[in-house]
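Encoded as structure tokens, the structure appears first; notes follow it.
Going in written order, the chains are labelled A, B, C and D, and every chain counts its residues from 1.
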């Protein structure tokens, strides 16, 4: 199969720029359509965007003429990545799905739909099976490929669940989970983005809606596919209680989280936990997806690590670092988790989800 | 009584500079002796110090000739404030105490001695009674005033316990307590202090010894005076379990803590907690101590507060701010606490302790 | 005379908040009317504003019901301070002036009008004479007091000219002047203000319109009143050439400028320059204006000063610091100037201008 | 020829770490010997170093046992890169040279020796001819290859001269040159490095010795080889006057400079200057050196560029960015220059110098 045609919705925004960066020179995808608001449509991308990435704008992307975010403009895309703001994503993504398009979205709008997988690709790619089933059922019935939406998780949730999945698989359910996050400002986008005066010699102990997202999404991502194979069944409040406290700090990229967990079946040893995390291999790695990290989890032994500036780029931002794993006097175990919020926590996960779907011939 | 003569040990360091700033133009104390290393001794203070406070060096202090940290140099002081590093504080403070001097120390060396009060002056000034008793007993026995040491608590512990004390007084024991701190770099002193490259676009999820200090000191500060009136009896591990995770962030002054608590006797309502904190008046305020805050606790209702840059200076840094008080899905209640680490968390507490001792005629 | 009634236009914005902070508990002015957009009008100020100052919102100001920016609402004000954005200031300030109101404006709209004084109050308060004359002429003619506008200079210009004025007075004209500024982000306001992602581990070597303002306004502020007494005559391009390079850096408050000058009549000695600056006393100080700095210029001898965090608050932000005065291999003399951009560079200057006008019975 | 054996002096320091990063997996050099203080000697590098680079420590380097900085330990090296502090570099580098070793040094100690080339490899690699001559003369005389020292320029000088060289070549001498620098903290090393408290919400308008280095080194780098071919002849004070003002700002990597120049023969047009800079190709590029930038100079047209965070990594840090080229009312032309201080301004230049020497068979 040749290169799959990829479209990007919200191409001039923060997440959209990251999608473009990751999709340029991609071995499986070809950047075909860039969609943005009518203010940008009709201009060359390089004239429409205020490019704020630390690597230069890919030259070919810069020459693409920006389209409006219509089904018509994207109709030939094999996959569409959505970096749209939640204010706009709802009807556009729905229309794209109904038109038979494959949408991978960073927006929060459809994350809570039972038949929409909410995926951190190094964690719960098995939830994509509900899409795979739908596509195969349609093929078996002689119908054309159905459209669908796959949602990327909230950024701070992605980092949190990354090490929890192998722990739950090996040691059984986690019943109590607390996280205090220290989140990068890039997660706030940049139109206008997070104000400088609020972050200079300061931090803000509140991010609108973030704690609720972590507390809810964790239960879906750690849940299982329902018996009918068509939806995801969340963990219940009885199975796990999650508490998040979210803060914005003066870091550009990289969310750090101080996490404590209590296991239902008793605490494993610290060494057993480290070994479990070191041994973990995610499906994307086993499938040889191009962006899959060599190590989905990096266990750090230095007592003052992970640090965002030094560790956020491990495995190109797809590797999550876990350090300071130690006993917790209140719950069982505490640790520090660092994840790259715009890679594993946003656009990067979108691209890796698409690679998994491609490996499974769903797109 | 006229002005009491005050000495400062470690006068050129970070804590020492704060002591000097707070003691200049003080209504009860007169800056009499400044002690530093032999490298500085013999120089005028203004020539010995690299003054790094945001207010100008008090002119009179600048003219004082620095002494070495000997009993002889400080023998006429009514009170000696120690900003010495722990590496030096041990034998010097001991010698001062044995020579009959009243020492109020920011160093950690004697905090764990049972007969040394560990005091946050807006929280557990009643622990000073063991000193008051010793002084009165000596006077009754016709002996000269005995020397003593009072320890200022660790900075992040001070902010943590500030709102806990009134809650425990009203609602009974706290049995589980977690805090994740985001601490200012001024707490690391400045010789050389915290490296710039470690804090720019970064945070460090580790502060040597800090978590142990919080977990231990909280149990002493919330403890009671023993029956004999001569020592402090810590809370036991059975009575309270404390878990701390400590981080250094890009903030100059002001420690922020995300705290959760579980009450032994069941959770009070959020409104009851707020009211309890709003009603709290500390002894120093009732004694009309000059530096006592009007409100030892400020309850903030804005959802994105407290913030270090905006709230650290409430009541000149003696007021601790508490915001985002809300239910916690894992323990009972969570909240965000902000305290000024160099005021209520260090030198400022030292000065307020001295004011309380003065009000009680102990110095 | 009792307290003069003061109004503030643009009261919820960055400059407006500073005006309110400075006018609360002012010995000469009473905060009477707060004007903002129709979105805020009708609400109590405390409910309309996102207060971002490091001191708490003055309680009385918080209770004032916000008005729209109409002449009717402000008609009883003795003086109106305008913190309006340039996008709105033009017609509103004009209407206020025509209605006989005394307007002191931070907006750039009328700075280039010949009959509008452009004033840094510690530098060229003598330019206010053209207003004084107009008011007196009207009084002599039996007319009611005419309205007028006085403009506050651009923030980085204010710091630049502060030490130049005494130097020109003593050593004669400066013919060449270069400045490279490193400006605080508070100067960019905060709706939305300067983006955090642009300032974290970064600087931006461009501020829209700023270099042109410095190059033009310097010539007006250092100019003289025309012979007719009714307007200000700028220095010509032949008399002085000015070159500015402006940068935004990660500082909250305080503009630092690296400045070089060449004198027409030959270079004075470094010592003579320092002495001249130390001796300088501005008119506002001589008039005993309440906000006037004790020293309009502070000459610093430490080789690594001035620094924004340590020196911006000298004389409550009305004192400008000058350090590193030394010979320049290209022009004559180079130096580093630090000024508080929201005090002497904006709202603070507005208040001090009003105090000078009050001292001269112009308002 | 196989891989040349490379040694690194000061391997645990800031510059040393960069050398190791750049020499790992280098196509021409093999990391053979790592030298550090006796405190580190005997340990594996990974146990001796506090690695602070944003990329992971090269695994092979981590296993090398650290040596002391003796000739004996380095005697088999084809080239030795010195990242030693100036306090130690003097005698060690001299001994190495006298022992016949090829030393490329980042230290300042020998920069002012007439027979030591001071080289920015994208600017004045022709100065290496004095080494080439010495080596060839020795070979012709049947002597063994003589030792030598080549000095890397000061970091802020490197960025400054990068665009000046092509301008001088095309438009003739520059007679006046001013630069105001805003320098990254990584330039201050990290033992202890630049203090965090000095850079948070702050800048420091002074860097010890830096202005003198810029003013002196520029004259050597822009100078020519003397007639005898054995030394470099600096430009005289009559030929060029240079004035520098140096500041430390809150940036991790990347020095920004606001520069003005006056040409002896009259000002070229802005367009001509841009074209000249765009056309420039340095010798290292023409020699196909592995690290040579594709473009030694990048001319940026966006009015708010270059910015350190966005532009410092152009051509892996070997490309210098020049923006805002415009007329200067005082001199002829002003511009903003950005260079990566630890690549083109330090270790990176060392490696590229070695590549040039290798291309010329000098090492």
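The rule we apply is simple: a residue touches a chain if its C-beta (ideal position, glycine included) is under 8 Å from a C-beta of that chain, and two chains touch if they have at least 3 such contacts.
All values derive from a computational prediction rather than experimental measurement.
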Q: Check B-C against A-C and say which one is joined by more contacting C-beta pairs.
A: A-C
Q: Find the chain most remote from chain C, comparing centres computed as mean CA coordinates.
A: A
Q: Calculate how many whole Å lie between the centre of chain A and the centre of chain B, each centre taken as the average of the chain's C-alpha atoms.
A: 43
Q.
With centres defined as the mean C-alpha position, give me the chain A-chain C separation in Å.
A. 48
Q. Approximately how many whole Å separate the CA-defined centres of chain B and chain C?
A. 41
Q) Of all residues in chain D, which are in touch with two or more distinct other chains? A) 52, 198, 200-201, 250-252, 309-310
Q: Quick one: label the inter-chain contact graph as line, ring, star, complete or other.
A: complete
Q. Tell me, which parts of chain D touch chain A in their complex?
A. 52-56, 200-201, 252, 309-310, 313-314
(Q) Per the contact definition, I'd like the list of chain D residues that touch chain B in the complex. (A) 52, 185-186, 188, 190, 192-201, 250-252
(Q) Give the list of chain A residues in touch with chain B in this complex. (A) 176-178, 180, 182, 198, 200-206, 215, 241-243, 245, 247, 249-252, 256, 258, 260, 303-310, 323-324, 328-331, 334, 336
